[in-house]
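Can you keep this structure in mind? I'll have questions shortly.
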Amino acid sequence: MNDHETGSARTLETVARACDVIETLEKRDGVGVTELAMALDLSKSSAHSYLNTLREKRLVVKRGDTYHLSLEFLYLGKSVRHRHVLFEHGKSTVDRLAERSGEYAHLMCEQHGLERNIYKVPGENAVGDDYHTAKEQKPDYLHFTSTGKAVLAHLLETRVRSIVDSYGLVRKTEHTITDLDALLAELESIRERGYAVNDEEEIKGIRAVGAPIRSANGEVLGAISVSGPTSRLNDEYYHDELPRMVMESANVTEASINMSTASETL
Amino acid sequence: MNDHETGSARTLETVARACDVIETLEKRDGVGVTELAMALDLSKSSAHSYLNTLREKRLVVKRGDTYHLSLEFLYLGKSVRHRHVLFEHGKSTVDRLAERSGEYAHLMCEQHGLERNIYKVPGENAVGDDYHTAKEQKPDYLHFTSTGKAVLAHLLETRVRSIVDSYGLVRKTEHTITDLDALLAELESIRERGYAVNDEEEIKGIRAVGAPIRSANGEVLGAISVSGPTSRLNDEYYHDELPRMVMESANVTEASINMSTASETL
Amino acid sequence: MNDHETGSARTLETVARACDVIETLEKRDGVGVTELAMALDLSKSSAHSYLNTLREKRLVVKRGDTYHLSLEFLYLGKSVRHRHVLFEHGKSTVDRLAERSGEYAHLMCEQHGLERNIYKVPGENAVGDDYHTAKEQKPDYLHFTSTGKAVLAHLLETRVRSIVDSYGLVRKTEHTITDLDALLAELESIRERGYAVNDEEEIKGIRAVGAPIRSANGEVLGAISVSGPTSRLNDEYYHDELPRMVMESANVTEASINMSTASETL
Amino acid sequence: MNDHETGSARTLETVARACDVIETLEKRDGVGVTELAMALDLSKSSAHSYLNTLREKRLVVKRGDTYHLSLEFLYLGKSVRHRHVLFEHGKSTVDRLAERSGEYAHLMCEQHGLERNIYKVPGENAVGDDYHTAKEQKPDYLHFTSTGKAVLAHLLETRVRSIVDSYGLVRKTEHTITDLDALLAELESIRERGYAVNDEEEIKGIRAVGAPIRSANGEVLGAISVSGPTSRLNDEYYHDELPRMVMESANVTEASINMSTASETL
């Protein structure tokens, strides 16, 4: 077996390869044995063995000659979400925030230095359904979203620097912050204000306001936000009313989490 | 490497073990290294290697001393669902069925001989939110649900027998069909009627009506159903009106799939 | 100039080629000069001349390096439709038919032996929006739609035979009529009944009922129809009520046309 | 073949003539061979050849002794529209704008220096149905409509001057801007305000408010507007509320386009 040490723990090459198979099946929406073998530089018989094992374990299904991820992933994903503290305590608040603002409301957390969407709800006038549905299916960078910046603002600076080292500061629009010092200064002002904005930094014409959700001991758990067209998120509403609404929602979620922790130790 | 042959294809023991790790993490909602080692009869260092590799591949996160499945599974699951032909063509029909009936509406398919929930929507008076949410996270048997029986009715009898061989006919209530011949007779009458019922066969006090969704060449793709309390699903409504509504929904979904295939070849 | 005689009239090769350019631009959604030259077996400079001339005449626009049909076609198309006698006298009837039936209502005519959609309106429960939108952009065969068969039933048999000679009787489902004698017998019974049905002959799960619209001297001008899922278009409704509704709509349209002709000669 | 050079590319006289035939058929709503020959200064046999070729290619139909454009143009036109980025991303916004304002809402773009209507929807109180339906069938000048001026305001001044050179500044009412310097000053103030008005410049008694739709890199793609009677479009509503509503609609359309571009590169 071809393994190598990572820190103190070894990595299992065969397991890593199996994860690559899963990733390839998702990216290509189903592959044949030959295509998979070529994509991952495996022998055909080896590719077949990976697929066969994942199929026996019900993570993969075969349709005709192609292999696809099974609906087991939907079960696993829903299970992960239902147990997530932010979903448990934040879902109803996000529902209400979408209703109050009429725009898209989002709940997310950081995992592996990337933004992970946990839950999203379109309000009555929400724009970008297709976009947000597409985003839901892949992680995104943290430095150009209001939620991502709200989270970054409450991580240790060494962690922020390490995330930027890993992923860089990809430019999405002319307003994206692509300089580390500028980002660190922005994070400082987010901490002072209590909320973050995405001022057309991801998409031209779209703004967002996000606030961090923190545990009782100050650790950042994720963030909540509202996004919408710049023509509606402007003036007083953008600079005052909406930030207060979003921070209130973060606070309500935090309080719910803290009460649940407290009731466990009653 | 310790492999064995399955049919013509080999199974990779290490990959199978990685799948067991994923399953264990889901079942126990997070485990420590020692607990995992004991659960899967691995050495501690080996357990650590599995977890470490899955973490590097972003399928697992570590919180304190315990390991959990990551939100990557939610992304993978949503991706699988969005590409599923029944979700693409059936989602809006299920939404409408929930609205018309006021009860819980379900869309499912069979995978590996088990029922897989694809989408569910509570109508205005729907009961059993927690139950259906829990079900959504694990596959279920086919022989006691209206959707499961609607699907079984359109599989080859050899496949039905093989599924029953694998999983048995578990009894859930006094009404569950637990005899193979009785089940085969029931499937025959489902084919004749065009729909299946779950008459308190899964849960006392809950009935359901389901209809199969089939492709243009007759292959069964899944099923659609409505479930609700026996006090509301009774008499004329249960025996006539609701079955027609559910069969109409199945027909609309089938027609939408067929039209999408047809428009590709215009 | 490379021309040939057709009947008594000559065909202009250069004009025919220009029509091919238009067709290619529509089919490929924009092409570059080289791609067009290859597709039509022209020299690059010749392809460029065709595109340049059509652009000068405003039928083509250039975006970057590719050429596309211009919105002039939308103007021309709307102009053709607004002057069409069936649109002028049938539009409001089709609107009403969609409202009464709740299904998709269609108005069409035959041109060059193919079905041409003139106008379509979705009713409240209509299914197949994407399909009907796609169909709207290309002509279809006559022998498997209710409108097409209603029209064929009132053409001379020699013309029916000539259309079948040109296009064949393409099979779309197991119910499509693919035998000329069977088709002629069906047309006979359509003439007797006064309406035509499409009983899952185009799409599995979809039925339609259509009636011809004829001028005062008996010439068939087109047809009007309602299409919907088989589960709703069945029994009494499919065999009696809907045919009467569709024939009434055809009659109202015919009367409106006849009154307009009559008023011209008052 | 009688060709001439245009810039670097040649123009094909025969193709240009075919386009003239199409234009003549549209303008006169059908012509006979003799009439066409006279209109275009062709020999009768030549006119016949043009008509015959276009008929073979299904762009023309013959009714009795006259030739007409076929419904193929409706297919081609709908196809062009469905692929237009403004229709894809702006249609639902125009629908909503018509509903909110109760007036006629319009979506247009510029092609060949003229205004091209892409989509229009009458609101509940909309006036001018016949007028807007007629306009839909022919391009119009840019300098007297709110959408046209909104687009002109974001073209290069050299392009504006070239368009004015080609078409002049035709007077429609006493309020039409017919002086180039006045127009350039107006465009400057449109850029500052963010929207354009048509203050009875096209039709006495009718006002309109339009806003440009621009791509992420600032290129103007088209415009969106609301038109209605001066008695309703006045005071606060005309000067403040409606402009904000129209600019918001432009922004939502722009954001939808930008999100669709962004999701392609996620």
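Letters are used for the chains, namely A, B, C and D, taken in the order the chains are written, and counting of residues starts over at 1 for each.
We adopt the following convention: a residue touches a chain if its C-beta (ideal position, glycine included) is under 8 Å from a C-beta of that chain, and two chains touch if they have at least 3 such contacts.
Molecules present, by chain and UniProt name: A, B, C, D = IclR family transcriptional regulator.
Quick caveat, the model's predicted, so the values are computed rather than measured.
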Original post:
What chains, if any, are shared contacts of subunit B and subunit C?
Top reply: none
Subject >> Distance-maximising chain from subunit C - centres being C-alpha averages >> reply: A
Subject >> Between subunit C and subunit A, distance of the C-alpha-averaged centres to the nearest whole Å >> reply: 48
**OP:** Would you mind pulling out the distance in Å between where the CA atoms of subunit C average out and where those of subunit D do?
**Re:** 26
Subject >> subunit A and subunit D, separation of their C-alpha mean positions in angstrom >> reply: 43
Subject >> Euclidean distance of C-alpha centroids - subunit B vs subunit D, Å >> reply: 52
**OP:** Examine which chains touch each other and state the graph shape they make (line, ring, star, complete, other).
**Re:** ring
Subject >> Every chain pair in contact, whichever chains are involved >> reply: A-B, A-D, B-C, C-D
**OP:** Give every residue of subunit D touching subunit A within the complex, in rising order.
**Re:** 216, 244, 247-248, 250-252, 254-256, 258-260, 262-263, 266
**OP:** Mind listing the subunit B positions that touch subunit A in their complex?
**Re:** 1, 3, 6, 9-12, 14-16, 18-20, 22-23, 26, 29, 45, 48-54, 56-59, 61, 68-84, 109, 111-112, 116-118, 133, 136-139
Original post:
So in the complex, which bits of subunit C are touching subunit B?
Top reply: 127-128, 130-131, 134-135, 138, 140, 172-173, 202-206, 229-232
